[in-house]
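Next come the structures, one after another.
There are two complexes below, and they share chain A, which is joined by chain B in the first and by chain C in the second.
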Partner chain A sequence: MMTATPTEVTTVTLSINGQSVTAPAGTLLIEVCKKLGAEVPAFCYYEGFSLQAACRMCLVEIEKFPKLQASCTIPVSEGMVVRTESPAVVAARKDMLEFLLSNHPLDCPVCDKGGECELQDMTFRYGAGESRFTEIKVHTPEKQWSPVVFYDAPRCILCYRCVRVCDEGLGVGALGIQYRGVGAEIIPNMGDHLNCDECGACIDICPVGALTSGAYRYKTRPWEMNHVGTVCTHCSNGCKTTLGVRTDEIIRGNNRDHSGINGEFLCGKGRYAFDFNKHEDRLTSPLIRKDGQLVEVSWSEALKAVATKFSETQAAGGSFGVIGGVHSTNEENYFLQKFARQGLKTANIDHQRTGDVPALLDALSGKSDVLATTDDLYNTAAALVIGSDLAQQHPFLAYQLRANGRHHNARVYTVTPGKVREADYAAASLIYGSTAELFAKLDELRDRLKAEPELVILFSDAVKGADVAKLVAYGDSLGIKVKYVALVDYSNSRGALDMGLLPTLGPGYHAAPVSGLAAPDMLAAGLDVLWVMGADPGKGNAKFTVVQDMFLTPTAAAADIVLPSASAYEKSGTVTNVCGQVQKLKPAVRTMGTKPDLEIMGLIAREMGLNLGIWTHDHVLTEIRSSVAGYNVPLPVIQTGGAAQAQPVNGRVPLDGRPELVQSAQDTLFTSGTLGRYSKALTSVIEYPGKLYSDNQ
Partner chain B sequence: MLFNEPHPLETRVLTKRMHEPGYNGTVEAYERYGGYKQFLKAVEMTPDDIIGEVKTSNLRGRGGAGFPTGMKWGFVPRQSPKPKYIVVNGDESEPGTCKDRVLIENDPHLLIEGCLIAARVVGAERGYVYIRGEYRYLIDIMERAIDEAYRAGWLGKNIKGTGINFDLRAHSGAGAYECGEESALLESLEGKRGNPRIRPPFPAVAGLYASPTVLNNVETFAAVPSILEMGGKAWADLGIEKAGGTKLTCLTGHFNKPGVYELTLGFPVEKMINEVGGGVRGGRKMKAFIPGGSSCPVLTGDEAWPLNMDYDSMAKAGSMLGSGGVILMDETTDMVKAALRIMHFYAHESCGWCIPCREGTAWLKKLLTRLDAGSGSARDIDLVGDLAKNMLGRTFCPLGDAAALPTMSIVKKFRHEFEAKLSRPVSVPVTSPDQLVSLG
Partner chain C sequence: MTFSPDLEARFEKLVASYPEGRTRSAVIPMLMYAQDELGAVTPELVAEVAKRCKVPPIQVEEVIGYYSMLHRKPQGKYHVQVCTNISCLLVGGEELYHHASKKLGIGHKQTTADGIFSLEEVECMGACSWAPAVEINYDFHHHVTAEKLDVLLDSLKKPQ
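What follows is the complex of A and B.
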């Protein structure tokens, strides 16, 4: 979006390996070499983080310089004559690798990184054929810093990537260096253990096997896995996570090729919290309450029982309530509301609302290009965060803003109920006591924000209902271009809204023909049938409850029929992140006995003799693309693992006037609703369950 | 306390006061001997005039690299809106070097006056004297002198009514040689780990807290008052062309009369050893000579005798004047042990930031340990030279070169001593059990 003021960029012409190239003055030589295809090996250089010039792998020959120069720190200048493959350069690389390997344990056969290791690759390509080192190697024992992070100093090549990603990338700064010379090693700044985000970014960025993951270490060799790139099913940010799968088991979550919207970012949930998937409490058989007890039954018995109950209730003119999920796919939620509205002829449909997107769309009616994407967060000149501990609740959005601050000097302003991590680099951080005070704090910022060229405002459930219009009016009063993000909690919270899981709004925020009950009212209304898909609203006083879930949640435990559903890592479909970016899930594994929610609904419909259309995910997506406003997303983009921007309605949205129903669950970095409780990786760290707005950010 | 008796061949400019009977280095004593007058003179001069005098004096940095001081001061962007800083490098950790200690211990106000003049030039209002951690007692001396200077009105606000403000603090290092390297020193001074910085930018432009900083050796600052006193020209004339003035020279090792002597630049080595230093210990022959601290390439006795103590003469002979820490080794010296001792130092002091120095020094130390213990092979001797060569010019900071240069020169010039220690001279079969044991 948001183009910066054009500045005069001077270009210079230089020669690399006899080829003439032009590049903007000041570009790092290593980058220019990369663009040209002249490979310069590098360990410590990592695009986007501060320069180190420590590994000396990138030395090149530049005419008129008496010594080889580190291309990772030399800016190109006019007339430079560079050689990247001269005998001196080739020899220097070989010598650096010889030094590097001298104290390296060479335990590649058992190292987690084997096959994915930059040191292996470099040695293969540039290293010497023989070793001249015959001394005793320096050895120190491996250390465990947390349940999820282990460090093996002998393998560490001291490239300081981990230190930088943690400090500059995350803003945590948990890692440092101790001792000196050949004894130098990485340590937690806190002492002998980590007290940090437990995000594993350090593990991911480590070029060698020095940092290993508690969830994955010594479990397999990388090439024994299939790598399935899908979307993390925890928070609303929608990071791509690559699941490493061996014999129908997820062994690893990581950020294998950095090809997602999240680049090199992934938090602990995306990296480790896939383990709920094979938790021993997973439901693997349908359950029917008989004589007061839930007992296992066959799928056909259970489906028939549900269909019979639904049909009988309908025939008797009974009442229904339907509550959908915030982790379910768009296809599932779309099909669910269609089932409810067209099949069961009920208007009682809702979900767990965590952010007031409808109010925002209504307030923005008539304005175009006002919804920010995750890219915008990296490029905007200024951002204002309202009512969210962003680094914990929206870790990828926080990462984008921090990178923007680091790379483009973006100004970040926060107005929050307590201390947030953004304060360490924010242009201003204001704390409010009550929501009433919130707007007073915004007024304090008004003049500074007016001076900004543009702004992205991210706001949580602290601003909802009529306050959203007030916030947009405030944005208008600044006289600059303003874009917005209404923060929502879960992986498909936004999709549930877009797909019309609301008692007053159908898909695409169009008014539902008839208005129904909101979730809390359904629970209290003594309905004949309550149908819950992937949610845990509590039982309420419905006469009969059907629940589709992965676990025996309190709602499921009190239900009459429970159908075990597949997780997001076991099915296809699309999800929409907090910024409206639509991405595709890819099934990585299967759990015997479960079925995806879409299939469950389709089978119930068939059993009932309802015609709701073909219920495979691609057919439902086709229907969504043609019928839901803003969802005509390009298929090739999402099918190839990209993110397509949904463009929701531009016009007035009829609101149900129930802002009190919009409530964020206030998850921390270590909680994630039901899924989080069933992730041992999350519950095992000392930081669990964590606290928002804590003072030691 | 002075190390040694003064010698008549010395030219005492920086050390002139400390040899006066009863001189105790207090502010009163310093003032009595004309101290702080040059600062008042500097206040009357323009910054450019002062820099001009320093340039004329041919003063070159006394910390080891010998960079012309006037030129360095000229690089400081005096118009910059950022605060300017004065930083004194008193880390003095180079083996063989012990001169800054003599200056701080005996005439600390001379250093303070030098800082004041530099502060006057660039408009700095704050300075730090970074003192080697092992020099604990010097910190007390420096702090006492700073206190005195505050009380006498030579530090603080509106110094002696000149309108100049200048605060000075002594800061202790924590025992790292690398913190003598200027950018690592600045990191350490800022409270961080003492790893060197990427340069450029150089401290003159972005030094302490990324602000323009004048960073010089103790002796460099201490030379400045005398330059203003004598005039740059007269000061330059004490030395030789391109290297003005005097140099505090530390005679260490196998001298009869080791000590710190102030000699003019260009002083003949032969005269320095035989007269000033009282000759080689026990009348022995000089086997090896290091002109300026352990990072300089080692010269053989034969190479060193005809040289003069100045930058060009030493460079022509393939070594360096360095910091003025002369190390003399007589004919009884075991050069393999000397190489090992030097490498032990660098392996211990390598900060570990970059691969070639971190791994290279440690590997070399192990190799040399083995060669010294008699369990090396001819290939190991080549390997020592080769590894040192592979470090040279490729490390992040000059410490790697400092480790490589003496090592390469010792292997080249004293190879026979390494060979004499080889475990298995091919012609001698291993026979006795004793020999087997000694092979380890």
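What follows is the complex of A and C.
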């Protein structure tokens, strides 16, 4: 918000529609009206972006001002007497609408935005249905700028919201305005097409139907959808995404109510890459290898086969290895490790490690309030990004930092192996070659960071193992309050760690009673049974492999039994984002033939006669809340779609000394591990597969 | 992209004339001066100005789209701009434009075959008090009549 900084605490008292209100001096009048419930219509004004004052919809009457004033640009002052719905104001709004509609096609019944259009709503509200304008309207054909972004100039009301969100919000600046007057229209950066993040923020923020989404346009009327608020299943940032569902199909991902930790933000993956869910290659039937071929079998046959194999192997004293997923829920991963440790009595448990959280927790032992949340990235005076092309790998975190820079003048420092987008506003951007050089660069920054009042340090897999302690020592040496984020890749990478999918650590980072093999060692150990849930570690030399997955990954294709699992958009459960914020998934659709991983495991346990407790998400969550350190999160918060911070152990964490196993997959804005390969929305854009640290940003 | 030493010096001065972070203010003068030297605003020039003024190229495109005195195609040696906006229109601006068009044998935004003249019908140039007004390159001509314009154009056509 364009408001006063906390140091200026002066407040003013003014009157709005006869009601007296107090507000910090400098607050925009439109915001004060909104808080009071006196909603003032606005097209160009959008909280958080620069002021445009282009649409004149927000005119209000202020006593002693000779003319109506644009409330979106007027700061409140002492003694102001404001009227937001006086006859003069209402008449002015009606006139503004008549102007806006003078060259606007009045074909709302076939417009993609119908029912959700701010212009339609305002015209309805102010009864501005008549026009005195009899000239011929200027028509230009609709343009397609990318597989996901379409622009229809005649509908555009030139509010510049799209231009500002792209430039100020994302730091991309791919949109501009060409020509003037009636010929004015929005243009893309490549002349006739876009080369950008393909995030769709411009489409989402457009108050009218001028920008439309290739994934969604003309598929439905908005009121025919159900809206399911859940968590994006791609990267670790944990954005809330609202899935628009009709007849058991997801047709839209957006941020309808801005209620998540991410506010209005979503990257292209959260907005479009839900399409993997209905990819034709989705597995919908269990498969068993018979005569060398994987053939479709019934669920009961498959479950029985798995249970028999597990029981027989156990009875014969055979060896197991278990690899869990980075998109699976906390409940699933918790249940999986419990199944492995208590049911199969094996310590061989691991997952795809992408960031060294255990080393960070260990290094922070004894310190409290040192783990940053996504809010901290927006509110802390300074941030240091190490080893990550944040705008590509952690789009929401990058968005938070940029907003922090814009609204609070936060200083951002980057130390990365190549040029990053943050460089365009960073206080300093240093490039390193080797890890040794990385620390040398940090030394260069030391004095400047010491002068900061506080700092958040975000670091990638470039800092792992012993280097993490070295980094924390560096943070200590600054003599200021420092918080940390260990960057991890995927939607529940953090949860997999917290739930103890590690050969040496159980849930809550407590030492496992017995240490087992790490994933690469399991693959090479000639195990009797390898059990993989939602991961693609490769075939390995296990004698028998069971895979639960949505797709026939290379690992699944080589397996002996494959069980088709439900996606994150088809199940309940919780996931934990990169900052340790726990959020709840909500099932939006179902794919016939698949089952959630938790149910699959429960059924296998039942078939084996194992008692591992009730296997519903709610029951397992109750067990997690009572037994996993830091996970006693408030239920009402997560049940109502909020994010609750998990507070992992404050104490030494026994490390397995295998930092080389921590490796980010280096996904870009257009890749997302296995899921990304099955998203046509991602693979169809010209920017695919994208490149980290490119100058072309 | 490199320019003549004179222009380089000018650019340097321009960029230094604005406070830190405000170099975007130099976009219009840079484009104008460079256009004079190059004859038109080329795509390379757009990229170069964006780089020097530290703005996204699309913001330079916006400026070019908005201001009619920036051209993407080379103009004639003499670019004749006749105002037909309201003040000029009331005192014969439109007739003047048609006269110029007929005399030069070209229409709006066209250039004569010999490359000497180009013609453009423009909006108000802020010379209403002396309407009808014509601008040729950077020179304003006031209270222009068809006769005055003929004399002017003929004098320009003569090799100098």
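Quick notes
Assume the second predicted complex is superposed on the first by the 688 of 697 C-alpha atoms of A that agree within 3 Å, B and C clash if a C-alpha of one lies under 4 Å from a C-alpha of the other, contacts with A are read in each partner's own complex, and residues count from 1 in each chain.
What we mean here is this: a contact is a pair of C-beta atoms (placed from the backbone, for glycine too) under 8 Å apart; a residue touches a chain by one contact, two chains touch by 3 or more.
Please read these numbers as outputs of a predicted model, since none were measured by experiment.
When both complexes are superposed on chain A, chain B and chain C occupy overlapping space and clash.
Taking chain A as the reference chain, the count of touched residues is higher for B when chain B and chain C are set side by side. In the superposition on chain A, contact is made by A:Lys67 with chain B only, not with chain C.
Of the two partner chains, neither chain B nor chain C is touched by A:Val628. By the document's definition of touching, of the two partners only chain C reaches A:Ile187; chain B does not. Judged by the touch definition given at the top, the superposed model places A:Asp167 against chain C, while chain B stays out of reach. Contact with neither chain B nor chain C is seen for A:Val456 once the two complexes are overlaid on the shared chain. In the superposed pair of complexes, A:Arg132 makes contact with chain B only, with no contact to chain C.
Contacts of A:Ile177 after superposition: both chain B and chain C are touched. Mapped onto the common chain A, chain C and chain B collide along 21-29, the only clashing stretch among 3-11, 21-29, 93-101 or 147-155.
According to the touch criterion, the shared surface of chain A, contacted by chain B in one complex and chain C in the other, consists of residues 176-177, 179-180. If you check the complex, the residues on chain A that touch chain B are 51-57, 59, 66-68, 70, 73, 92, 95-96, 98-100, 102-103, 132-133, 135-136, 138, 157-158, 176-177, 179-184. Residues of chain A touching chain C in their complex: 167, 173-180, 187, 189.
Of all residues in chain B, only 176, 178, 193, 195, 198, 347-356, 358-363, 366-367, 370, 383, 390, 393-396 touch chain A in the complex they form.
The touching residues of chain C, when paired with chain A in their complex, are 56-59, 61-62, 65-66.
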